[in-house]
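Below: a set of structures, written as structure tokens.
Heads up, the next two complexes both have chain A, just with different partners, chain B and then chain C.
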Partner chain A sequence: MKPGPYLLASPAAGLLLGLLICPLLLVFRVSLYQPANGHGFFTPGTWTLANHSSLLENHGIRMVVYTMAFGATVATVNGAISFVLALFLRSLNSSLQNVVFAGITLPKFASVLVILFGLQQLLGDTGPINRLLLASGIITEPLSMIRCFFGALIGEIFLILPYTAILLFAQVMEIDPLLETSARGLGASRWQVFRRITLPLSLPGLVIAFQLGLVWGMGAFLGPLFLGGPENTTLSVEIQRQAFEYSRWPRAAALSVQLIFAIGMGLSIIAFAKSKMTRRLVRGGQ
Partner chain B sequence: MITHQIYRALRIGIVFLFISGILAPLIYAVWLSFSPDSFLTPPGNEWSLRWYRAFVTDDRWMMALSRSIILGLACACLALFAATTLAYSMERYHFRGKGSLGILVLLPLCIPHAVLGMGLLPLFYISGLWGGMIGLVLVHAMICLPVVYLMVRDKLRRIDPDLEAAARGLGAKPSQVTGRILLPLWGSTLAVGFVAAFAISFNESMVTLFLATPTTETLPAIVWPQLRYAPSPLVAVASVASVIVALVVAMAFGWVVKLVGAKSLTKKG
Partner chain C sequence: MIPLAQTESLRLAGINFGYGSGHLLRDVSFELPAGKLLTLLGPSGCGKTTLLKLIGGYLKSREGSIHLGGRDVTHIPAEDRGIGMVFQNYALFPHLSARRNVSFGLEVRGVAKSEREQRVERMLHLVGLSPTESDRLPASLSGGQQQRVALARALVFRPDLLLLDEPFANLDRQLRDLLRDELRRLQAETNVTAVMVTHDQEEAMAISDFVGVINEGQLLQIGSPQELYHQPRTPFVARFMGAANILTGSIPGASRENPLMVRPERVLLGEEARLGCWTSTGTVCSTTFLGSDMLVNIATTNGPNLVARIRPSDMLLPGMVVRLGIASDAIWQIPGCDPQGVCP
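Moving on to the complex of A and B:
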């Protein structure tokens, strides 16, 4: 007797439907409840759009825009670093590649919190980097590298980079090196080879890396919370604050819905840009 | 020839700079954990195990550590089971709804954990999963599912289905096909998937933060408020402990796979 495909797929499908789809639907529903009156976290059986009203206020819009800008910055910087790293890795021999991979994977066995803790202490005003710079006389005041946009950005990139670097490495390894050497042999400059061969052939991986960076950057919570400043509040940070510091579940749920829509919007912009860019690169190659 | 050697040295130099950069936070955290003071300054001349002693003798930390380990192991078993069965059905069958299931399984990667936590909060509140470990195991298994699924599916894709068909044609029972053909070929990847799931669950802090109660307090749930409001060398020790546990589980699994692999080979001979 052989179990059918539905029976085999059912444990995974059950987990996904029960703990992913169901909570997402609940977020939508809770965002339309009226806030709690007295007991509980919301008033059951009510419908209202009032929780989404923050979108009409100045700071609500600013937060959504900031979240999108943060996501885009993380995606761009992280994508660029990963791409350079992947190309550099390709030029190494396999034993050096393995050393780099071991270095990239080891922090993934450590908790995200460990990495952030280390960064917090390293980059802090009294941390070793600032002390070194002060002692050498390059700066007179400690550089503030945490509690600001830069800190949040560094933190997120440390968390995301291993994934996108490995992904892009797999992509650039698929490019036949003969294509590049023959183009060089036919008289193309290094820049032309990169522009006409390496870049178009890495584009699918670059787009996925950018998408991942955007989704994770926009959903960023721990980086902005521990290393960002008070004004760098992403939607995720605000969701947690509303849910736990103020016990306003409907408001937190409304912010979650906004975040999902913002991410959806970001991903569709990328999909649109990708189709445009592919056309241009293909035409440019002819 | 000399320029070639210079290039080579330059490359190795860049590699080591990069590695030390990416490992710097981790190494610095470990270094801090040996501090003899209650301030977060790295130990200079004097190294001390004082904070390790405090960690081991504190019941709250030890309970949280053991809870995290149990949670990670249970989650890894469940995630591996769900991912393996799903991968098999996706690779070896055609059925209705296969396309949407393929998208659905990747969705956990795209949903920010704050949103997920915000959705799970009312779900746990309504369904009564609140304050139990079972809910956390299920949620962590769901979070690990896409990663484990992608790993085991890729390997299964490279195992020739004709091997199974041939074994069946020769009269092997389904259990024999699974035990003698599929598992020996698939097993090492399954073990890697298990370790990956354990590492993800063991270090997951975001959803834990939303759902933790005093009875289900895991390691990240204690670490994170301390990290936010009053970082102490104890946090560094907890960090070191978490890295060591994850590495020990990974190595133990590598060892078991080697042992089982050697055994199944001698059996065949």
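Moving on to the complex of A and C:
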């Protein structure tokens, strides 16, 4: 092959190598040091698997499982909301599309912290939602919507949704409306048209949106930190805590390595499921 | 053996359609006997595709009624009408193999798997698609094969009526002629009542039992291809069905109100000219070579310009003076004007 294509790839390759792969290798090395004894962040020149093996204890496993579950939930709920939103956007005329689009991207103009503090106020025990529900007599005790799984989920989806909604909008706009028209003409109900035409043709975008949601959700830091519960937390929050609160860098590094593996595993499962689904859609019985 | 299609007649009465104040279709009425093929012919934007979509149930008309057999389908949505439609770009489902495209209409109707497979295979065989081709995705099929898939998909659920929107528009000439014949064969074999839309009068004449000419939202005339070609009711129909000399004076009986039509192949030249009830001499202005024949434009000394169809071997060149005549049986008096009220 001529050098042209490689030249095109070189900026990205340089970035990845210099700013991602090399630091990752360093992180991996740090995860194999013994903890610091008295001064510094770790004991140089030492080798140990202790930081990793401690992850196999109950607490460590629970955290990994929680992180994966959180990522999968974020990916699923966010993917579903984005898809419905994209389908709604497609049904609008182009000027209305622009208005709704502006609404979707608006939160991205504000600082992430502003949004999360805002959500904290809104969903808190003394926030307007709880006060309204209490005043109207629907509930007698305030609903705990923050400092729990639900709060972290809402916060994280707020941060991801604009990206996945735009991505899925681009995907559903690719679907020729005539295909849906002709499916109806062939006798399909609205649900059958959605199930057999719209959904499968949106699958490539849905998979990417799900992958994005999973990676973001599993690596979630700000949402769980501000709105999540104190006892169950994601690996990212724990990594920050270990590194900056307890100065246990080897432990934080080991957790990071674990997180990368967990995300890799999640992505592999999606890739596998996608190939299965695609085959089923093309040839399968129903 | 199970019949391949239902045979139902189609009846439209007083169909009006338009957006806002604009009328796309005005008072369209016709009846098509069961098992016949009608072609709606007209220039682009005349409303013929709109009419097809109304029949299919993809659009709703404000006035008028549509009957299929004994059934009033005017207010029945597309998915319940039982009408097969072939779209201009086929609208095949890109994620489904050709076979699954064909079986779609049976799947959504809940036809049992064994019967479904049997009917799909039979239909694929009927349109001439091989088993290997049937396993491919539409994108890896040629235009002609895609057309066959679209046709099979529209016919497999035994529709009461088959609609075809410019089905040959995206194909090259040779393939178009081939598929035209095949469509005719298929329609005859399945005995399905069919309505096709085209802007190609040659295609319309070659394939149809009936032709309906539409212009500016109005059905000007409907009848057999021969009837429309030889006895057009308006000057527009006369011209749209093929080259025509429309005479509004000079010849006895011709006037602006009562135009006469003479087809170019009925204009007599040279020796034969004296057989005409009307004769003249003229100068050749221009010639158009069409392969099997030639059109010559002749300026007559005592009348209008006339177009005549000759064999290319007749060697007429611009500037040459010829004798020409028209026999009385070649003259058709056009009974009506075009709705716009403009006569030639």
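Quick note on the criterion: the second predicted complex is superposed on the first by the 267 of 286 C-alpha atoms of A that agree within 3 Å, B and C clash if a C-alpha of one lies under 4 Å from a C-alpha of the other, contacts with A are read in each partner's own complex, and residues count from 1 in each chain.
The working rule: contacts are C-beta pairs under 8 Å (C-beta built on N, C-alpha and C of every residue); 3 or more make two chains touch, one makes a residue touch a chain.
None of these values were measured; they are calculated from a predicted model.
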Q) When the two structures are overlaid on chain A, which partner does A:Leu186 contact: first (chain B), second (chain C), both, or neither? A) second
Q) Which chain makes contact with more of the residues of chain A, chain B or else chain C? A) B
(Q) On the A-aligned overlay, A:Pro200 touches which partner chain: chain B = first, chain C = second, or both, or neither? (A) second
Q.
According to the stated criteria, A:Gly229 is in contact with first (chain B), second (chain C), both, or neither; which is it?
A. neither
Q. Touching A:Ala253 in the superposition: chain B (first), chain C (second), both, neither?
A. first
Q | First, second, both or neither for A:Asp176, with chain B first and chain C second | A | second
Q. Taking the complex as given, what residues does chain B use to touch chain A?
A. 11-12, 14-15, 18-19, 22-29, 32, 40, 42, 78, 81-83, 85-86, 88-90, 92-95, 98, 101, 104-105, 107-123, 125, 138-139, 141-142, 145, 149, 174, 199, 202-203, 205-206, 209-210, 219-220, 223-224, 227-228, 231, 235-236, 239, 242-243, 246-247, 250
Q: Report the residues of chain C in contact with chain A in the complex, numbered from low to high.
A: 56-58, 77-85, 87, 89, 91, 93-97, 100, 104-105, 107-109, 113, 135, 137, 153-154, 157
Q) Mind pulling up the chain A residues that touch chain B in the complex? A) 1-2, 4-6, 8-13, 15-16, 18-27, 30, 41-42, 85, 88, 91-92, 96, 99-100, 103-104, 106-122, 128, 158, 161-162, 212, 215-216, 218-219, 221-222, 225-226, 235-237, 239-240, 243, 249, 252-253, 256, 259-260, 263
**Q.** Partner chain C, residues of chain A touching it in the complex
**A.** 176, 178-179, 181-189, 192, 196-197, 200-201, 281-283, 285-286
